[in-house]
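Shared between the two complexes below is chain A, which pairs with chain B and chain C, respectively.
And now, the complex of A and B:
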């Protein structure tokens, strides 16, 4: 009698331990290959440069830019508020907690969109949510937002509207470098005030 | 009599458990899973060469080099407009169906190199990464994708320094643009009202100090 009870208890314990193994395996994998492919087929992961520019200018607090290039390239040039996350660091614990910040859209970018796609697939597999890719990367960003090209006269009205927006965005991101006419009055004012100050100092 | 029935009970329970355990093992095997961890994938990405140049593909196609399979991941409509001769159309959405997985397994058993062709490199990289992580090591991504392949004169002996498929190469001098942005934003901050208030106060203090 006692032996059978012990055997039964052992079986139950082994089964219980087995449940632990199953559970931890499920947590480790995140998404399955099929789910990953499904997400990949939906092209909703891309965000255009115009959309991103208007969200940054509007001060959208949910925008969290992530630069997946190497630290040197990040130091040379990065978008406002971007955090540097090279591919090699993707699996660290800090990154895991970073991606759990609620209410953020994590927008990945690189120079093109190959590296950002890699980072997107790998982070998506780890189960991180709300991941996006800047379509065309920084090369496209500079070609459209920072250095917009004036469309031909024959282009439809929407293209000109978009060009106007990009001109404004370019001023926002470069500090008004593009239009010198509106920039000069500010400069003259600051110079005048500086001179007054120095005159007061000399008097005392 | 009593002991007999408990023995039977134990037997019945253990048989039941065995069935359950086998069921679980069978289920796990049938389900498609990742063969390597994300960290292993990253380590591979950082050093391994998984790409093939479109010029090499064009050369291999023309000279009918053995040991290559070409898989076109675009949809059938795009595939019918133009494709690489001898390529198989497996739309990206159907990549993981049993039939197509069998195709990839057959290619792996023949130790053939499977070249993936998408619209461009960015769209090909995702499917390649999935296949790589499942455990197919014989796949390569064609740089530039079909967009580049169809629109360029592909000659291995006359390749330009920075071909168009080098999309990750910076197209502008980023450092110069950054410097411009920083210096300009500094100037605009000076013209803001709060910035001016602070230096004025400082200077007054200094003057008073000197007078005393």
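And now, the complex of A and C:
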């Protein structure tokens, strides 16, 4: 038999065996710890309440809100257009297809940052793309967008602009609720007519 | 033409240009390997020439080893590679029909164009007949549409279907290929030489 053939056959078999070695130390699928650390330190995953509010108000079609709290909390209060996906449901098949909807930014939120961050790590691991977290969660949302606090008079112009935006956004999201009636009773104004001192005398 | 087109490095309208260039290259290699000769191709069946078996099996193994090494070294994402959908029974029937045509005509689709390009009459006839066959297939498609789409397994690979690691499948495939080459050589020695 030709020597070249034997050498070539040996090379093929060695290459095949090399695959065994490489596959046995197969890298973990998904994010490596280093990548995860990088992503965790990188704050680009956060979206601020103001940014989110302005995108919702502008009717941005790429916004897909995801509420990772339990269904009860979701029923009590949720952001417009949000889909309720508690942490435990994230791995199910339905959800996997949901996350493949193209052209969507999936914005996760919970009451604070902790639950949504958990959901974010899990979703990253599941290979979902375009994931964001509402910074500060609903608590921050309520504190800034729904009930904005009037800045001090000495604050710069931008702060006031933001405050104005938040006031408008608050009206947008709450439907411009009527200010509650104050408890202090109105001072009753009684109109007293001056008594005429005397009958009209004489003419002009 | 990955990864240049999916990554928008060049425009997708270049697809056809690359297709033609790769086609020319492929045809050139087929012709220079002697695959434009129907006698050489039919030799696998009659046992006097196993070039086709050796070339294509080697190509398949080389590509498979390369892709798997790239995957294991993290250079490509193997999950993004398109896997043909598997229809078991239609594939078997189609393979038998294709094999019969191959033996009767002495060409497979690619090599028939290759032969036609250098002016071989049998290859030209084969190419035309293939067109007729495709036309008839399209006309009668509704008759066997159900069978055509039956026993669908999805986009799976052999090792996935068998549930074995890909490296095990590859080593088996390599051994099978080497054994096939060896047996082919033995057969070729025994069979009377054909002058072509």
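Methods note: the second predicted complex is superposed on the first by the 149 of 204 C-alpha atoms of A that agree within 3 Å, B and C clash if a C-alpha of one lies under 4 Å from a C-alpha of the other, contacts with A are read in each partner's own complex, and residues count from 1 in each chain.
Everything that follows uses one rule, which is that a contact is a pair of C-beta atoms (placed from the backbone, for glycine too) under 8 Å apart; a residue touches a chain by one contact, two chains touch by 3 or more.
Treat the numbers as computed from the prediction; the structure is a model and nothing was measured.
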item	value
Which of chain B and chain C A:76 touches, first, second, both or neither	first
Larger contact residue set on chain A - chain B or chain C	B
Partner chain in contact with A:102 - chain B first, chain C second, else both or neither	neither
Chain B versus chain C as contact partner of A:15, first or second or both or neither	both
Chain B versus chain C as contact partner of A:36, first or second or both or neither	first
First (chain B), second (chain C), both or neither touched by A:156	neither
Residues on chain A lying within both footprints (that of chain B and that of chain C)	15, 18, 22
Chain C-touching residues of chain A, taken from the complex the two chains share	5, 9, 12-13, 15-20, 22-23, 26-27
Complex contacts: residues of chain A adjacent to chain B	1, 4, 7-8, 11, 15, 18, 22, 29, 32-34, 36-37, 40-41, 73, 76-78, 87-88, 90-91, 110-115, 117-118, 120-122, 125-126, 137-139, 142-143, 146-147, 173-177, 186-187, 189-190, 193, 197, 200-201, 203-204
Touching residues (chain side chain B, partner chain A) in the complex	3, 6-7, 9-10, 13-14, 17, 21, 24, 31-34, 38-39, 41-42, 45-46, 92-93, 95-96, 121-123, 125-127, 129-130, 133-134, 167-172, 174-175, 177-178, 180-181, 184-185, 187-188, 190-191, 196, 199-200, 203-204, 206-208, 210-211
Complex interface listing, chain C residues touching chain A	61, 65, 68-69, 72-74, 165-168, 170-171, 174-175, 177-178, 181
